[in-house]
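In what follows, subunit A forms one complex with subunit B and a second complex with subunit C.
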Partner chain A sequence: MLDLIEPALFAVLTIAIVAAGAGVVLANRITTSALLMAFTFLNIAGMFVLLGAETVAMFQVLIYVGAITVLILYGVMFTPQSPRPYGLFFQTQKYWAALLVVPIAIIVALIAFSFRDSATVGAKGGDLLPLATSVFRDFAFPFEVASVLLLAAMVGAIVLVKRDED
Partner chain B sequence: MPLGPFGIDPVIWAPLRLVIAVLLVVGLVFNGALAQIYLERKIQAIIQDRLGPLHTGPWGLLQTFADAIKLLGKEDIRARLTDKWFFLAAPSIVFSPMLASYVVIPFAPGIVGADLNVGLLYMTTLGSMTVLGIVIAGWASNNKYSLIGGLRSAGQLISYEVPQILSLVTVVLVVGTLSMVGIAESQPGWQLNVLVLPLAFVTYFIAGLAETNRAPFDLPEAESELVAGFLTEYSGMRWAIFFLAEYGEVTVVSSIVTTLWFGAWHGPFVEVFPLIGVLWFTLKTYLFVLVFMWIRATLPRLRIDQLMSLCWKVLIPLTLTNLVITATLLLVFPSTVVPVAIANWLLLAAFVVLLPYVQRRRLVALRERLRTAA
Partner chain C sequence: MAVPLGAFIAVSAVLFFIGTAGVLVRRNAVVILMSVELMLNATNLALVAFSRRYSSIDERGSVFVVFIFVVAAAEVAVGLAIVLSAYRNKPTVDVDEIRQLKG
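Moving on to the complex of A and B:
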């Protein structure tokens, strides 16, 4: 019976991720979308826990739910509340969207169904120590390059929004 | 057939254990909040030379129970122009991460919900989720003051997360584990981390005050300028859930302090009766809860620009310096923490001595600028 818990959790998380992800796109209100996005991120963190990668799950929640969603909500909060219904609706550009999405969906489906043998994941692959070794030792240079890129982006943002002292 | 604890089938024991643990924690949070509100009133009364609650029950002990029953009995009001689902969801979004953080708190040897190997990260993660609920509460209330409260809260909590996590990382560097149980076990007897890392303790405590929205950092719910901020439109039990979450959060921050710097359950007789650890843990935690109240009764509320400049200009550089120095010293002297301790105490002394001096110089400069502008 205990063996059934993991597939059951996987099913619940999958349905939640897909449903909330669809909700993000289809919901009529931008705040609803933002909150559903946070919910999707939480469920993805649950997936990481199922895979035995607790550390990655924690960072997922810390960064995506705790920081990014809050920043998005911070921006969204300046939009006024409107009496529009919550109802799902389809965007007006649905034909163009379909044209763009269908080829990508076919490719993704082909790749997804081409997996036969599950990739061998090292035991405790998402644990803190292997993660730290790969980031700070094996891939230290790309990591530093990414840091410099982020720093440049941050400095650029500050320069852009800084008003002249007058 | 394998037998779990108490001769119960493990298949039944696993969910049963979950139910027992959740009920225990809910009881802990609710009763803790009742006790803390009573303590808060009494301590503020003592500090302000008043008597505090006195008439309901002996020494006014039943006052908070009466208040709780009153809150439960109140009509559940929702203003018509609030956003229904968000308004209803916000208290739960604030409350549930706080409840979930109790999973990794080590109350005594062997008494812990789950010994996660990333326990500390788990707690900071859940702490960062609270802001989501507060922002949503502010927005859903459809009220200018609530919105400002929510915005302030978002800015404040995201900013103070940085010094908070940097202080925690310093401890993790010294101890070498993220597991709360591991950190607790690393400080037997008098080898408390606070003797090694006093500065990290002070910076974490300040950041923790801000993270829990407690005075002097209670700007998101400032009653005198924002008519209680994001709480304005809430009443009855929904309002009470926000307060339960706040007091629960205070307990969580205090127990992090207890675990990381003050040896968690360690105390006399713990080796003989492990259950006594719960007593030591609770006493230490409530000591810090009392310090929270003491600070609330003593310090006036900061202004929003002071709050931000304290975080970005003082705490973050300080914690970063502390982190770099600690990491360097640990690399140079891998076998001893004495150099780290010396550096940390020196930095703490410099912080305490120099902060008023720097503040005074800033004030003088500010007045000078205002005078020339006028």
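Moving on to the complex of A and C:
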């Protein structure tokens, strides 16, 4: 009985992720899309907990469900959303695009779905200590570069949206 | 009974396809940004799954996930700024109406 808890949780999270992800693409109202996106992020955080990566799950909730969803909602608020009968849009070069995308999709699907690994994954203790050791010992320089990237993105975003004083 | 690694990879692939479809067929620039975020999350899921599978070595995959968080935050901030400034030039967020570069 206790054995079935993890597969059952996995099934529930999978259904929620796929349904909410499809909803993001298919929903016509943009606010619905944004909130479904937040729901997808939350379920991915659940997947991380199921994998035993609690620290990454916590970052996921803080950054994606918290910050990025709020940022996207602000973007929705600042841009007028013209009502359309349907939000989907197929480009004029869709046949060429399909010719390019479909073979790649088939290859990726074959690789991803034929992936067999007899070993199972699950919680094997927390991930905070190995993660912190890795980030601050082996990846200390990329960590600093990432902070510079964030600073540059912040300055760039401010410059892009700043109105010219006239 | 734990879940096999292949199941996580399959979910990740499906979510990545959904995000790709969103980028290709949606006309609203903000929804395209959301679809890119879905794709980034799918890769995060695959990275964490592999990282937990081989965590006897170390936690490299989760480190990459942390860096993807940083890049995703930067990407969405700059992306929204570009959408807003494009909206200021031409009052629309529909990518099929932003065609100033078309010759």
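Assume the second predicted complex is superposed on the first by the 124 of 166 C-alpha atoms of A that agree within 3 Å, B and C clash if a C-alpha of one lies under 4 Å from a C-alpha of the other, contacts with A are read in each partner's own complex, and residues count from 1 in each chain.
The rule is simple: a residue touches a chain if its C-beta (ideal position, glycine included) is under 8 Å from a C-beta of that chain, and two chains touch if they have at least 3 such contacts.
These figures come from a predicted structure and were not determined experimentally.
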Subunit B versus subunit C as contact partner of A:155, first or second or both or neither: neither
Larger contact residue set on subunit A - subunit B or subunit C: C
Partner chain in contact with A:127 - subunit B first, subunit C second, else both or neither: both
Contacts of A:31 with subunit B and subunit C, given as first, second, both or neither: first
Which superposed partner A:55 touches (first subunit B, second subunit C, both, neither): both
Which of subunit B and subunit C A:47 touches, first, second, both or neither: second
Touching both subunit C and subunit B, counted on subunit A across the two superposed complexes: 55, 59, 67, 71, 74, 76, 81, 127
Residues of subunit C that touch subunit A when the two form their complex: 1-22, 24-28, 30-31, 33-35, 37-38, 41, 44-45, 48-49, 51-53, 55, 58-60, 62-63, 65-67, 69-78, 80-85, 87, 91-96
In the complex with subunit A, residue positions of subunit B that touch it: 10-11, 14, 81, 83, 85-86, 89, 116-118, 121-122, 124-126, 128-129, 131-132, 135-136, 138-139, 142, 147, 150-151, 154-155, 157-158, 161, 178
Subunit C-facing residues of subunit A, complex: 3-4, 6-7, 10, 14, 17-18, 21-22, 24-25, 30, 33-34, 37, 40-41, 44, 47-48, 50-53, 55-56, 59-60, 63-64, 67-68, 71-72, 74-76, 78-82, 84, 87-91, 97, 101, 105, 108-109, 112-113, 115-122, 124, 127, 130-131, 133-135, 138-139, 142, 146, 149-150, 152-154, 156-158, 160-161
Complex interface listing, subunit A residues touching subunit B: 1-2, 31-32, 35, 38, 54-55, 58-59, 61-62, 65-67, 69-71, 73-74, 76-77, 81, 86, 127-128
